[in-house]
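I've put the structures underneath this note.
Heads up, the next two complexes both have chain A, just with different partners, chain B and then chain C.
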Partner chain A sequence: MKNKHCKLFIVFMTLLFLCGCWDIKDINKRTIPLVMGISKENGGGYKVTLQIPVLKNESQVSRVVTGKGETVTSALGKIRTSSENALDNTQIRLIVLQNNVAHNQQELSGIVKFLMGSEEIPSRALIAVTDENVEDVLSSINDKLGVHASSIYDFFNKGAGWAPEIFSTPLWEMYRSLFSSTKDIAVPVIRSGKNTVLIFEGSEIFKKGKIIARFNPDESQLIRVLQNKNEKGKIESLGFASIMVSNSSIQYRSSLKNNKLLLVSNLHVKINVLERKDGVTNNKIIKELERISEKRFYEIFKQMKESHTDIFGFGQQFQQLISYDDLKQWRSEYYPELKVVFEVDVKME
Partner chain B sequence: MRANIVKEIQSRFSDHYDDFFIEEELVEKTTIFLIGFNTLVDLAKSKLFVQQMADSSASVKALFKNLSDRINIDTEQLIQGILEGNLVIVSQDGKQNVVVDPIVKNLRSSISEPKNESPIQSSTDAFGDDINTNVGMIRKRLSTASLCHCSYQVGELEKRKISMLYIKGRTPKALIEKVNEQLKGINTDIETIDDLNLQFGKRRLSPVSHLSATELPIQAIHSLKENRIVLFLDNCPFALVFPNLIWDMLGGINDRNFPFILSFMLRFFRVIGLVATLILPALYVALVSVNPEVFKLDLALFVAKSREGIPLSAFLETIAMVVLVDLILEAIVRLPKSVGPAITMVGGIILGQAMVEAKLVSNLLVIVITAVVIASSAVIGMQNSLYIRLLKYPILILASLFGILGVCTGFIITIIYLASLTSNDVPYMTFRIKQEGETK
Partner chain C sequence: MTQRIQIGAVFIIMHLSFGYVVYPNLIYRLTETAHWEIILCLGLLQLLLMWFYIKGLHYFPNNDVIDIHLKMGRWAAIVFLIPFVINLIALVSLNIRIHTEVIISIFLPRTPYWSILLLLFFVSVYTALKGLGTILRSSIFIFLFVIPLVLLNIFSSAINFNIHNVTPGLDLPPKFLLNMRFFYLLGFSSFLFLGFITSKTKLIFRHLFVAWVIVTLLLLLVVYIPLLVFGQETVITLTNPFLEAMDSIDISWFSFNRQAIFFGVLLVGLVILTNSVIFWMIGRVMQKVFAWDSSYWIIACSVIAFIIAIVVPNKYLLEKYFLWSSGAQAYFMISIPLTIFIYGFLSNRGVKVREK
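Right, the complex of A and B next:
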């Protein structure tokens, strides 16, 4: 009995002395950056910019802190040293890469691997690319009226029905695309706005960390549709009428016959007609929309084929038909031979 | 000339028994002695009663026979009878005696409404101090021949009456026999409910009692029908249901006066109250100081803002507030009804307003604490509310050390602990006891 008590006592004391609870910092004693910007210095080092919300002051919502270093780690370390409170990176929701970083394939994949490997930075943080000075983008929030510290992140989180053009790419998807042989990835491009905090400029297409092309918002939208993301809320102007997409879905049928790859994709779109000119029939609207969508797709597809970039992830549809080892050559061998039949089926509500 | 037996009784109560009386009374030309305590026996009325009985009796012997069955017993038993508040009558020569149920002084309040429970849509009779009345209340409401009643007199200094009720053929025999043995084996004084509780097995440091106390006859009867045992202690206005089960905390029979869906809702809210009391303060500490990364972004900023400039650490402010609130709850219970509201008001203002305005604790914490106080009162029974209020402290301490992990382990350890409790091999966490003879 006494032995038992002794053991219990030892367990209790180890709990107390080995728990490390003296390092615990309350949330108000931590500095919580929300956005991280990474850019390249002229000299060759990195500059890391953090947007940190200011809690006390009512007139200013956030401040921007920068640190420079040979690597991202050392730059972060410098910020950590000079910070007033404990720097807690766990709430970083957006990582903005300046184009001079994004255009260097090796450096970019290095940074993405570091960010992914870091325990603190959450892998669900979103990634975006900007052409401007990243510091300006992050500090632009301070001279806008009626915004919150989290507005930059909120920009990406409006929800599909509200702003169908905007899409977001989390860090882990970017990391995955570095190793994927059948799917490439689009990353949103932003710049600071005049009246609003951010402006959406389209997307950069990355193939294994290398920028292949830049799409405008309309083209980026099509990528999302082909990845079976709902297009609800999208407004399309056809010249003689304007319509709003109320629902969309896509189906793929892939086949491999006589070494010929064929992919049939059916896009079903439901639309509402918002306005139309006199004498325009429903049929005409449907025909025109189908024609425009198909044309837009084939244009992008041709362009992508030339650069061997599978942005739509068509390679995913052939995973049952082609062996895993062969799929590694998907981009160079199979993808240029792929024939896609793209059919749009528009219905009026 | 007094008989020896009267002298002997008198000598036993000679000093420091000022309420002891020996009255001489002339009946049928012979003297009889009336002996008893005038604090327990209404002497005037009893005299009248004896006179009336004497008028209709032929002799003293016949009178004694008419008065009671306990005739001509030995001195020790007479003394015991006197102590129990009976009237002892001894004839002049001391050869005949009788213990009579006297006309008693009314020392008990009548059946009143429950003080510690507030039943809705149900009978508002509550148990009283008198053990016979209490058993009677059960018998009246449950008129079946299978309702069995065993009574015990236990104790060293004083003999206290304990009654055990069960329904024959329903309550498992093994359980009855065990309780019977345990009650018979009591050799210490039973002063409080906890003294009785300790007789059912070692649970000295456990906050959970073997007995669940209820004031309401309908609840006690329901427990009987649920194959359990009901105990009564004299001068204790509660039915003590054995064994105590966790379901007693969550569902009472009164809930079933409402349609099923409503009673389900009530019970569901009690479960929420139970869980919230256990983990809400711990969750606050864990999220604010150890694992803020769990918060959604907006919430994290809001919490950080609400705690801006607060000197105490999250754990300290939480434990301070929790202790303060428990103090207030205790104080309100002890205070007379006229002062209670004043304390409530002062406590509310000091805790709710002044502490937040002084930036000593964050206003979010005040909301959390208020929620906990309300939640802890949602469960049935004051003792249950008390023990879940106690169980939240270990979880709180674990949470301050290990964060969310601590909350989870603390909660799981609490559940494991509760599941390990048994009373006479009936697990505390069981929902119902099997009927006698019933197999799975």
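Right, the complex of A and C next:
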């Protein structure tokens, strides 16, 4: 009998411990920002801008909060202090860097390392660069009609408004590129639009955190394809016809003979013709598309070779042929010697 | 039959628990290419030791490791097994603390670590007090609940794989077998518990071989998932490569947006069972050597372990001490099977000589 009471007592004791979670702030007591912007002040400190969705208000979908500080952490701390609710950074989906931060290699890699190391900010948040004032980009959403608070992120979201030429570069890939010796990275450039929330302006090429070049959307899209990402859905205008890419795939064959590096890459593209002028044959469309793509590739490749930047990740194809230690000198010693044969094979559906 | 499956489950769970957290970091620091060769070398070495161990145990049917040591003499049991128990106490406390740090960084950022420690200790000590039967039965339950999560983690992380991040080279760093880190790594394989359950069941090497193959495959995956996502150059800069690899997964159509949570839940399950086995081993040794009830010993040792776990001040020292204790564990992993094998071999020959 006594034993039974004892057990009952223990069961009731658990009520004491299971009544709530430790130090957890309830969801209605939290401020959950979706987009974070980082820019540099004239005086030298950082300014952090957060875009926070507002749920109840009909006329405004989000509000923008800023904080300034010597470092990103202290700027975030300022926002935390002045915020009326608990700041919860775990749902940040997009980090926008203003160009004055992005152009400084040391500061940029410092910020990327901080964001990656931070336990709160998820490493799968996407990164973008802007030339405008980052505050304007984030608040521009408020004067557009019919958008909702997540629209800025939806621009990059494959499940929503994403278009095939836009790079979506997550934070962890950016972090990886700081250390990689065989692959560089492209980050999308955006600005606030007049009627739409954002406009895609192309992509910046980063080599170990340093900006090397900027490419327009068409070139960016070719880079995406060469990195073996599908370009399905991309619409291209050839002047006398416009086509839509329905599938694409790429194959690489690397070889190293007598110290000569050769990479043969075959791009297979399947297209649909959307409209054409009278008398234009299929053959002409195919020839023209192949010519344009090849020309575009060799132009980018020449430019990249001059700046020792391997945006296509060609070095990765030589993992089997060059030893790990030698690959560390890939950019300076092997890459300038690399010869690439690029062939495009277009098929009509 | 069921018991064999249960033993296999405990074997796999214990290896995974030790394999997830510090193991990949050590491998990345040991070599820059051909990681699989090191894992296989470790595995084969472990298999060899296991073979000696089981062979040695077969010389004494219905006896466990402690009985065999007691046969050598009580002093032998004290000299060989008491340092082992001390090492186990250190290992259990540091293991729980390391797991606690990871769990905090995944989903309980504001909770103080002592409260999580208390919970983990409480559950594993309770399981250990209930005895081997409970441990074996709960191992099946934890196994069924952990393995789907492990598989989910593996398959969902495949979207970020880039096969070109891994260098396929065969060249290993020279003399890696003599590297201290290799010795530490050996301490991560925890097969010594097998010798403590032989008083009732006879171990069959063939069945354990199956469990060993599964463990080796899982460890290969644990090491290669971060490598395939990040590549060697980046992986050495991360404190928790496996966790970061899980965090990089972004599947928009999947209803859970953070895969790392699954990893955290999985770790809780693994660490509870692993530590309850270790506590049970401690209780067993102390009971047989000093003849006092094992539950008192388990509670006393767990209090000591809890205090050690709380006192360790920071992550740097934590990892250092953990490596020391796993190094000591590796020493016992070599010495205990060999001692039993040699003793069994000699006494067996003695019996045969006398029979003639």
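In this text, the second predicted complex is superposed on the first by the 323 of 349 C-alpha atoms of A that agree within 3 Å, B and C clash if a C-alpha of one lies under 4 Å from a C-alpha of the other, contacts with A are read in each partner's own complex, and residues count from 1 in each chain.
FYI, a residue touches a chain if its C-beta (ideal position, glycine included) is under 8 Å from a C-beta of that chain, and two chains touch if they have at least 3 such contacts.
On a predicted model such as this, the values are computed, not experimentally measured, just so you know.
By the touch criterion defined above, A:Ala149 reaches chain B but does not reach chain C. In the overlay built on the shared chain, the residue A:Tyr175 is in contact with chain C alone; chain B does not reach it. Of the two partner chains, chain C is the only one that A:Ser323 touches; chain B does not reach it.
Of the two partner chains, both chain B and chain C are touched by A:Pro122. In the superposed model, A:Asp26 makes contact with chain B only, not with chain C.
In the superposition on chain A, A:Gly313 contacts chain C only, with no contact to chain B.
The interface of chain A with chain B overlaps its interface with chain C at residues 24, 122. Contact residues of chain B toward chain A in the complex are 287-290, 292-293, 295, 297-298, 300-301, 303-305, 307-310, 313-314, 400-403.
On the chain C side of its complex with chain A, the touching residues are 32-33, 105, 108-112, 115, 162, 164-169, 171, 229-234, 237, 244, 247-250, 252-253, 258. Put simply, chain A touches chain B in their complex at residues 15-16, 19, 21, 24-28, 30, 32, 34, 53, 55-56, 88, 90-91, 93, 122, 148-150, 153. Looking at the complex, you find that chain A touches chain C at residues 22-24, 116, 119-120, 122-124, 157-159, 170, 172, 175-176, 178-181, 313, 316-317, 319-320, 323-325, 327.
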